[in-house]
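Next come two complexes, and both contain subunit A; in the first it sits with subunit B, in the second with subunit C.
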Partner chain A sequence: VGRAQVGVPRVPRGPAPVTSLLSLAVTSEQIEHLHRRFKQLSQDQLTIRKENFDSIPDLEFNPIRGKIVHAFFDKRNLRQESEGLADEINFEDFLTIMSYFRPIEMNMDEEQLDRFRKEKLKFLFHMYDSDHDGKITLQEYRNVVEELLSGNPHLEKESARSIADGAMMEAASICVGQMGPDQVYEGITFEDFLKMWQGIDIETKMHVRFLNVDTIAHCY
Partner chain B sequence: IPSVSSIVPESCLLIVVGLLVGGLIKGVGEKPPILKSDIFFLFLLPPIILDAGYFLPLRPFTENLGTILIFAVVGTLWNAFFLGGLMYAVCQLGGPGLNHIGLLANLLFGSIISAVDPVAVLAVFEEIHINELLHILVFGESLLNDAVTVVLYHLFEEFANFEQVTILDIILGFLSFFVVSLGGVLVGVIYGVIAAFTSRFTSHIRVIEPLFVFLYSYMAYLSAELFHLSGIMALIAAGVVMRPYVEANISHKSHTTIKYFLKMWSSVSETLIFIFLGVSTVAGHHYWNWTFVISTLFFCLIARVLGVLVLTWFINKFRIVKLTPKDQFIIAYGGLRGAIAFSLGYLLDYKHFGMRDMFLTAIITVIFFTVFVQGMTIRPLVDLLAVKKKQETKRSINEEIHTQFLDHLLTGIEDICGHYGHHHWKDKLNRFNKKYVKKCLIAGERSKEPQLIAFYHKMEMKQAIELVESGGIGKIPSAVSTVSIQNINPQTLPLERVLPALSKDKEEEIRKILRTNLQKTRQRLRSYNRHTLVADPYEEAWNQMLLRRQKARQLEQKMNNYLTVPAHRVDSPTMSRARIGSDPLAYEPKEDSENLPIITIDPASPQSPESVDLMSEEPKGCSGLPPSPEEDEEGLVMRVKEPSSPGTDDVFTPGTSDSPSNQRMLRCLSDPGPRPEPEEGEPFIPKGQ
Partner chain C sequence: MFLLLPFDSLVVNLLGISITVLFTLLLVFIIVPAIFGVSFGIRKVYMKTLLKIFQWATLRIERGAKEKNHPLYKPYVNGIIAKEPMSLEEEIKEIRRSGSGKALDTPEFELSDIFYFCRKGIETIMDDEVTKRFSAEELESWNLLSRTNYNFQYISLRLTVLWGLGVVIRYCFLLPLRIALAFTGISLLVTGTTVVGYLPNGRCKDFLSKHVHLMCYRICVRALTAIITYHDRENRPQNGGICVANHTSPIDVIILASDGYYAMVGQIHGGLMGVIQRAMVKACPHVWFERSEVKDRHLVARRLTEHVQDKSKLPILIFPEGTCINNTSVMMFKKGSFEIGATVYPVAIKYDPQFGDAFWNSSKYGMVTYLLRMMTSWAIVCSVWYLPPMTRQPEEDAVQFANRVKSAIARQGGLVDLLWDGGLKREKVKDAFKEEQQKLYSKMIVGSHEDRSRS
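Showing the complex of A and B:
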């Protein structure tokens, strides 16, 4: 982590998992830029609450806005060992969440790459699994698809449900293979989730560039 | 022993064939035909480019657009000037034979030979199946450098006539690059939009839909070439722009037609081009100058390698996924030259360029070298360097959901960061597209269909077609598992579906249909008797029906795995049929329902027709039992699965409407029988009759 800036809290070296991502050279410019943004969002307070996210105009068009905001407050993502939702997050937590979207570095070895990938997928998994029970059940999956299609108000709920059911069955057949008529597939566990994402190159896709320090969108 | 085709790429073989043919013709004494430039540019090149543009994988292309543009523009410029300059130096030092070739001529030569050729790249890269990124980089570069080539070629050709070249001319030339490339793209976009708009109205004349696609694209190409704009870019732009809208509007058959016609034409063109290259080599006048040719070859390679190295170093500063040295090697090695260079050289005027023959010889040598040597060795090199190959993944619905989810997530994070990034603009474009453009260009209801649903429909269609084609018996595609809805949601009660209420006259209509059909049944059933040895006219149909039932049972099991998306209106017959077939609840007796008698009948039972009223009644109430259409949901299914089967028994066809509500009603309604006034609760065939 680069040199400390005035007003930027030092990111402490916590337990090992924290350093695995954060220690990967979040440059000081990026921290400064994010801090500026944090101050904008929080209206110069020290913490952000859920309501502060409403002030971002472009976020309104996003169909999964609820899940995204929720993810910021999800304690599992904030690396605290507890469950549930935090009420407010400070800058350090904000940075922690942002660190999930780091681009990959050239000099990573296999093991680091694998851990990197797992971290990102874990973040996604938590977004899908809203009741925090470690499994994505059919109802949760249906919920995800409904949200994705929520931008089209005239669509029936049936469509979303059918798609989700079909996807779930496909997931079951990938993860478990042939199933007898009596077996019940409880839900997608994290291992199954990893299997499903094998085809998609998550390390390269899930990143956001915040190199550009000049353009900061305005809030209300 | 490896076969010839695994060592030698197809393009090389075709050139050899061309050489043989040319030699044959010459040996006979005739003059072999040469690849004339207008034939090439007007007829042979457009199909290949249209094929490439229409089926361009848009996502990787746009993701790497910056890289591709830098390679195409800067790389080609560098190649042209480096090569031209060095060749000028060589000519000056090369002795009397070469001294007279001026700087401009050399620069022109450099610009002709420096462009990577899309035809050659396609021909070679298709066979080696490297990963998508490298493929799109080299291929995209070969497509987009056409603008640069056109500008440079015309520029130097013009300048060769001037006595003096002023700074103003150079600046104008530089500006003309933008005009040519952007103008070409604009022409393409305009024609693409017109084509998409036209396809909106073709729902009644499906047959000529493919014609519009081909016609408008070709017109885009011609219009651009007319104004000396970049025809290739126009063609690509037209194909890319029109594709999503046209595909939403046209029928499935038209889509297939377009696909196969494009593939056919581009294959034929490619073959002809390479053969002609071979023939032209034999036929042309050659002037071989060792110095010139060898140094051309040498400098071409060096220019390419240097260019790729320097540009990659520059590009990697901005890329997330950096290009490794292996990638760079493949990109440099994949810079093949081809027929475009030859045709451009052929176009040169003898008057101004007396050394045209020497140029042509050098061009052909470079083409041969790149296609033969580089084309043949790239495959073992790819294996040797263990370059990542293309992954054959089928798009699944899960991946689609995840990709869309990820897109929205990244857009959201970008918005939170306040960063106007890649995803932000893509999302804005998508929203604009959905709100305004799609409404204009896509006909009817499809304009509002979200991408996920469209994708799901497409997949279902594909699976349904696959199933029908495989006959439903025997080979089960391995991707199909036995996972059914019961496995993931065991609490799904069959009773979830509520029967929609039907109006009185609809009910009456249904009863009438049943009555008329059932009357026929009675007659036919009576005539069936397995003890009679007389060949029964209906027996054939009966046996067919039995076979179909058997097939249907197996089909039903397969179809149980596929859920269909119920549309919010009556959709095409195929969809509703597929839905009926896949409705897993259609075959289960409703144990708990009181008012809904289920009748099952087994016409295959070895009993006399009199007691064919084998049925299981529900204990309460009504006991109507129309034997055939209701019980034979299988019959219903079979009929719809083979809509044109020859021995269709129209006993088992329910007649008019296909809508789901009707089918369900048919399943559950009791038909009072062939009497004038419908009366509930009357058995159709009284027992003991």
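Showing the complex of A and C:
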């Protein structure tokens, strides 16, 4: 028992957080939690790389693990102007991604709710659209379905493909209506994507809530 | 060949004298008051002194942390985010249901299916088992037990000395004392009940057996240095009723039984426990089951009903949860005891974790390790509330009645009322289960697809 310092988390002494963080509307306590988590993942470095996500054992079993990790580095999600993937992200970027999962607040008006919803759906859209061309093509759709069904070793590639094809045709019929025999469906654009999510209250489900740590009643 | 130094006999003499003195003190201050149910108030004074020392220790740690400008690391019991308890199937069905108005039983792949896995993934990234390292309650102050201190690096020299002193006192003084007391208590129980068993049935026997039991439980309570505050004693269980309490540790039994007369219910064990059980049942009727009988629910229910209907027999003591919960929540009560139809006397037990954590994680520690931990803690402080009796209303079934009782207990003790089965604690969500989720999903999609292509 001495004064050994054992990996104690430190509050960063960098420049003050940018005002964009204020739009996240998380409490400072929640930011502290997330920061601690960031430090765990980055092993005390200032940035996280893709490899750092390997240290989360439960994530191994998620079939779309690759896509989720990818989403963290996708520059479109990080609200950066450029395209492509970032190599590493800092804490501010981490918070930006987490902000896609904040719960709705009571005092939001129609316009805010709508924007909120669009943002969340954009996040999901980017998960499907891996080549960043603004359309979900048949190949990309197949890709996602194959990954989701990859947990089943007995599944043949053909079955996964035909399921994806079937689903894509459904999507086409919703978005474009009946197509002629020569028409080729290019892909699902973001507007079409929005159409398909109509009626699903994604904004009430796509969130992660923080627990309140209440004091526990004492005896006497 | 060995040399007997003149020194040695002196040491032996001193040892002999000190042991005698110790035992006399033991007898006078602890055992005799236990027999008569009188208290000198020594334990309360002990508790107050300890509290002052703990506060001082905490201040030192906080000061140490401030000097180095580090935040203190607080452990969180439930992790930092609320995980949705719904299963894969339910969630996906719900999303699809709220979407296009398609029939529910066309489980092909939908665009929205990706959502469940996406959210689960983000939840894992935010918070997984790593953040849930600690399974005992969060403490506001440090109680000089190294097993509960997570901020070890801020201890100054003074504090270390104090902690060392604490270790010496607990292991070299308190532990042997407590073991001696426990031994005395148990042997008195066994001999006392056996002796009483030889008497003919009648009021004398009942009276004596009650008091023998009580006396021995009181000695055991002192063996653990348990400082108990009883509230609302006018609601104590009467004959012909069932006493129901929440369960945190095996010592719950001792705590309740030292303030009232109960008939125990349980399975016959081998070894020392078995000896005690067999002796107890000679003096007054307890309900012990053989291992094979425990599985037969009707037999169990019948014997309990018989016991309860006989008004001359003592109230039964039952812990419906079936396993030890860590005293921050009350999990699902099993309905068996509520079907019997007797008056239920709920009791809420809440431990104060400041002096020693009474939670028994049976998947982690065995019984002996657990008892040793208890006996080397400072003290066990708890509160017991006797709640007013409840009976099953005509329009309720057993499960609703059980939940009503459970909520009353949870509310009184300041515990969280949870719906989940206590058995979850023992089986950590195995890796195989997680893999199942993926397989389940693909079965959902593929299975139906094959059906359709066949038709």
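Convention: the second predicted complex is superposed on the first by the 187 of 220 C-alpha atoms of A that agree within 3 Å, B and C clash if a C-alpha of one lies under 4 Å from a C-alpha of the other, contacts with A are read in each partner's own complex, and residues count from 1 in each chain.
Rule of thumb we're sticking to: a residue touches a chain if its C-beta (ideal position, glycine included) is under 8 Å from a C-beta of that chain, and two chains touch if they have at least 3 such contacts.
For clarity, every value in this text was computed on a predicted model and none was experimentally measured.
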item	value
Contacts of A:113 with subunit B and subunit C, given as first, second, both or neither	neither
Partner chain(s) touched by A:148 [first = subunit B, second = subunit C, both, neither]	both
Partner chain in contact with A:138 - subunit B first, subunit C second, else both or neither	first
First, second, both or neither for A:104, with subunit B first and subunit C second	first
Touched partner set for A:158, first subunit B, second subunit C, both or neither	first
First, second, both or neither for A:169, with subunit B first and subunit C second	first
Touching partner for A:200 - first (subunit B), second (subunit C), both, neither	both
Touching partner for A:61 - first (subunit B), second (subunit C), both, neither	both
Partner chain in contact with A:85 - subunit B first, subunit C second, else both or neither	neither
Shared subunit A contacts, counted only where both subunit B and subunit C touch the same residue	34, 37, 40-41, 53, 56, 58-59, 61-65, 68, 98, 101, 124, 127, 144-145, 148-149, 151-152, 155, 159, 162-163, 166-167, 170-171, 174, 196-197, 199-200, 205-206, 208-210, 216-217, 219
Subunit C residues within the subunit A interface of the complex	70-71, 73, 76, 78-82, 95, 98-100, 108-115, 117-131, 137-138, 152-153, 155, 160, 163, 229, 328, 350-352, 381-383, 413-414, 431, 434-435, 437-439, 441-443, 445-446, 449-450
Touching residues on subunit A, where the partner in the complex is subunit C	1-6, 8-11, 32-34, 37, 40-41, 53, 56-59, 61-65, 67-68, 98, 101, 124, 127-128, 144-145, 148-152, 155, 159, 162-164, 166-167, 170-171, 174, 193, 196-202, 205-206, 208-211, 213, 216-220
Complex contacts: residues of subunit A adjacent to subunit B	34, 37, 40-41, 53, 56, 58-59, 61-65, 68, 98, 101, 103-104, 106, 124, 127, 138, 144-145, 148-149, 151-152, 154-156, 158-159, 162-163, 165-174, 176-181, 183-185, 196-197, 199-200, 204-210, 212, 215-217, 219
Residue ranges of subunit B touching subunit A (in the complex, touch as defined)	320-322, 391, 393, 396-399, 401-406, 408-424, 427, 431, 448, 450, 452-453, 456, 479-490, 561-568
